[in-house]
Structure formats: C-alpha cells, structure tokens
C-alpha cells in the first residue's frame, strides 16, 4: 500500500519553509510518542511517516495492536502531514476521522504514512495508511480519512498538569 | 451527553448469560488497559463504561489527551458493548469506525460509554461517546459510530510475541 | 427510532427568528425535492422532518429506494436542521457525511429526521435518521452523521444553467 | 483525481467471467439511472465509470448538484465496482459509506469512478471519486469510502410495488 501524497493532482504550497523542524519539535513534545517509542522516520511537504514498535501498552486481548492504537498512529501521521502545509501561525484540530480496518494488526511494528488530499481555506482533508511489520514483511492493515480544521496556535499555557 | 443504549428501539437479547464475566476477563487481558490504568466501571447488556486517567503516554503536544487515545477509549467502550450481545463462541472484529471530535480532551480522565444501535446477522453497529473530566466537571468531547463483524473466536495461540 | 435533537444537552440558540421561513423557501428551490415530490413536514429549531414518496427515479435494481437516495434524504434533513441554527447571513456547506444502513429501504415513503449535535464556531455537527414506511409501519433503515461548514451566503448568481 | 483501482497492491480475481454483462443488466434495471439518464461508460474488473448529466431532479437550491446526488453517483460507482468482483450467486448490500466533499458540484455532468480497496470474505471495501464537468473541464468534487456486505442474491420477487 503506497501512500500517494498529492494523488489528487494539486501541487502543495510551502506556507512555512520551517515545516520539517516544527513537525519534529511538536512530535518530540507528544508524550504518547515518547512513552511508546514512536519514531518520526520521514517528514516531507504533505507527507509524514511514523513508526511505533509493539509493546504491552498498545495491545488488545490477543496481543495484537489495539484498533484504537492503529487509529492513533494513523491520526498522528495524517495530522502531522497536515501540519506541514500550514502557515507558521497555524495549527490544526481534528474535526473527525474515519478508519477502515483491513487486516489484524499482528506484528512487531506499526508504520503510519500520512498524506494530503485537499488544503482548503478552513479545512484540510488528509489521509493515512497503516501497515504492520511481521517477520520483516509489511502488511496493510488500515487506512484513514481525516478532516482537520485550521486554527490559530493553541496557547501552550493551556497545558494539562496531571498528577501535580 | 447521556449514552442511549437501545435508543433505536429494539430490545437486546441475552445470547450469553455470562456476558459480564467474559467482558471483564477480556478487559483484564488488554495490555493497553493495564498499562494505562483503565477501569471497567460498568458492564450491562449492550452497555459498557470505561474510565482512563490522564498520563503522559496518552498525551499530545499540548498535554491534552491525544485524539487517537480518545478514539481508543471510544473503540474499547463500543467494542465491549458489542461483545456483551454476542453468542459465547463469538467475538467481534472492527470493520471500521468514525469519530467526531466536539471539544479538546483537556482534563484528568476520559470516560467512554458504549452502546448498541443494531445487532445484525453478520455485523453489529455500535456507538460510543467520550467525555473528559476537568475540575470535577464532565465535558462531552467526542462520539463514535463503530461497525463490527461477528466472527468465531480468534485462537489465543495467535498471540503476538514481540521482543522474545 | 426517535430523533433526539439536543440529546447532547446544550440548548440551541435562535440566531435567526425567521428560521422556519428561510428553510421553507430554500426547500422550495430544491429541484430534487420538487421533481421527487419531497415534502417538508416539520421545521423546528434544530429539527427538520422530510418525506419523499417512492418513485422510479429513486429506485435501485430491486425496486427498493437506492442507497444514494436514502443518503440524499438524510443529507436534506440534517442540512436543513443545520440551516435553522445559523445567522441570517450564513448558510452551510457539507464537509462530509457518513451513513450506516440498517435495513433495506423497501417501502412506499422515506422519512428523514434531522437534528443537531453541536453548533461550533466554524462547523456544525448534525445527524439524521431515515425510516421507510411499508404497509403503514415505519422501519428504521439508516442514520447519518454530517459535518457542515458555516459560510457566508453563496451568491445566487452562481446558479447552474444547463440545457439552455 | 485519477481513480487507482488495485492501488493497495493485491491483484483482483475474476470470480464471475460474466461480470461486465451482469453489471450492465443491473444498471439497466435501476430506475434512478433510467430516469436521470445515467450512463455506464466503463466496466472493468474492480472498476466502473458512471456519468450522470445535470437536470432539475438532481439540483439543490443554488442549481448545483445536490450533495446527496453526488453521493448517489459515488455509491453507484463503488457498488458496481464491487459487483464485478463477486461470485455469480452473490450480490452486495451497503453497510455504510462516508463521503468527503471537496468542491461544489457546479456543472453539466457528474462522473463517478469506483474502485476496490479490499475483497474480504464477508465484506468488500470500495472507493469512489466524483468529479464534475464544467465548461469541458473536469473538477474533483468528492470521494467516498464504501463498505459492502457480500450476500446471496436478493430475490427479485421482493420488488417494491408502489402506487399499485
């Protein structure tokens, strides 16, 4: 399953020349990726690849990746792909996504690849595919369609402070 | 946001009188719930409530719950709600779900409530709502529509053995 | 299947006291409703009911209502429900919708009932249920989740002029 | 927007060598396509192209194609694409679909192109793109993800007899 960024035929514009660095910074601030050893393998304009290895904290009752975790990896990939095509003072909030599961996510690693379908004035439509690596082979297991709203940067002062 | 199990007007049938115990057993085998301190607060016929407290492993870059983790909690709630209405020799696999995000999931705890829309011969349509608890107040943040396929039990011998 | 406007617990605000009339005017300008004998049975704040009788132009190969036509009725109901909660100078454009089919739409009439889940600053999340009337009985056949973008009025000068 | 049948990398199997004829027969029995002058432009294994010209019965209040009618064309394309990959004694029922709208469907004709993402044992996941032709130019306006259940043939004796 090859992800096809720009498959819909419009060239993407660079609105923020610093897009790779800002994506890497934001990724590094995601607790979910730190705790679960996520890796940001590739960042391009409108395209992002994320790897997350299997661990108990991602598992459902059969020891496969939990479907919600497959969605989390897809969401991360399409969300960061969206972040690459925004202005420096913008970020994006998920309005909704839909994910179809094609095969059980039974393997050692999830690979999420995000791409862009359309950059609109107020919304971006993105997509992601997720594959699972088992015995060295990559198997398609899910794909997502993701609608995100373009917004001004959320203030970092709003950070959650649990367990204080 | 009150979850409305059976809102669509059909009475659910008890196909497995042991439904509560099997849901609790399965829940206890989910690594994702153990590691993230998930709690199975209620199990009824066609209705399940799951709580998951905030922790770093669930956080996005602003310290809110990651959207993918909101989906994971919803998926767990609607998936287990589905499990309560199946025959003893059945389980369910997610075919697809769609989630709409209503408010940022900024708070101390997520509450997922799952319910059943339709039990079909080969598919079940379930729903879940997710709210976030902030300063003691519960705020609706997302809802999911979830389609699951009814299948024979997946063999537990298929368990993933990573990092052996 | 009772439609549950405001089920999510927030009171809707009247932003346009003239909401019923504008919905009726817009409905009367929809060629699709004129040609297919659609009827606007009820308009309330955040709630709309539309009836469309069976005819050949709505049928699939077995003589049931075509799934796309079930979606069209749902879309009309949730779209007009959304229109009732907007400012006088606004209208709404569909960003996306998802529909689940519960039973074959085999009958004499479709009934679509639209409601509102959330009115956001730039997006509205609406819902619709569709039932089919067969031999005088109403049978649930589908439900929709619908995301719409709030926009300024589209100029009526943009009207399509086919077959001139 | 080029539709990418088999983009997910599995070769489709011919389960019914007569697939083109059966699709054409079924298409010709759809009242919706007869009444609205739909044309089945191409049928291949796992790929179908449908054209529907603009007419009043397809229009919303601005004279564009109604969003529900865009969905109807997409549904037809992905549904018939699915029909080409089934056994002779099977047909398919829509479980659900999701459609994203990219641009207003303002033009003379809709073109729906359907393709296949996965053929599973009980479900098929299909996709469709819809473009609108305006002044001779083709503009992408929507795409759909469609989940269908494989079933035995519905008896044709179940045909709706309205207005008898």
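The letters A, B, C and D name the chains in turn, as written, and every chain counts its residues from 1.
By our rule, contacts are C-beta pairs under 8 Å (C-beta built on N, C-alpha and C of every residue); 3 or more make two chains touch, one makes a residue touch a chain.
Values in this document were obtained by computation on a predicted structure and should not be read as measured data.
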| item | value |
| --- | --- |
| Shortest path length from subunit A to subunit C (each step joins two touching chains) | 1 |
| Pair joined by more contacting C-beta pairs (B-D or B-C) | B-C |
| Superposing rotation of subunit A relative to subunit B, computed on C-alpha atoms, to nearest 5° | 180 |
| Centre-to-centre distance between subunit B and subunit A (centres being mean Cα positions), rounded to whole Å | 22 |
| Averaged-CA centre spacing for the pair subunit C and subunit B, given as whole angstrom | 30 |
| Geometric centre distance via CA averages, subunit D-subunit B, whole Å | 33 |
| Subunit C: positions in contact with at least two other chains | 95-96, 98, 100, 145, 147 |
| Parts of subunit D lying in touch with subunit A, wherever the complex brings them together | 1-2, 4, 7-9, 98, 100, 102, 117-118, 120, 125, 140, 143, 145, 147 |
| Parts of subunit D lying in touch with subunit C, wherever the complex brings them together | 26-27, 29-32, 34-36, 53-64, 66-69, 71-76, 79, 93-101, 104, 106-108, 154, 156, 158-163 |
| Contact set on subunit C toward subunit A in their complex | 95-96, 98, 122-123, 145, 147, 149 |
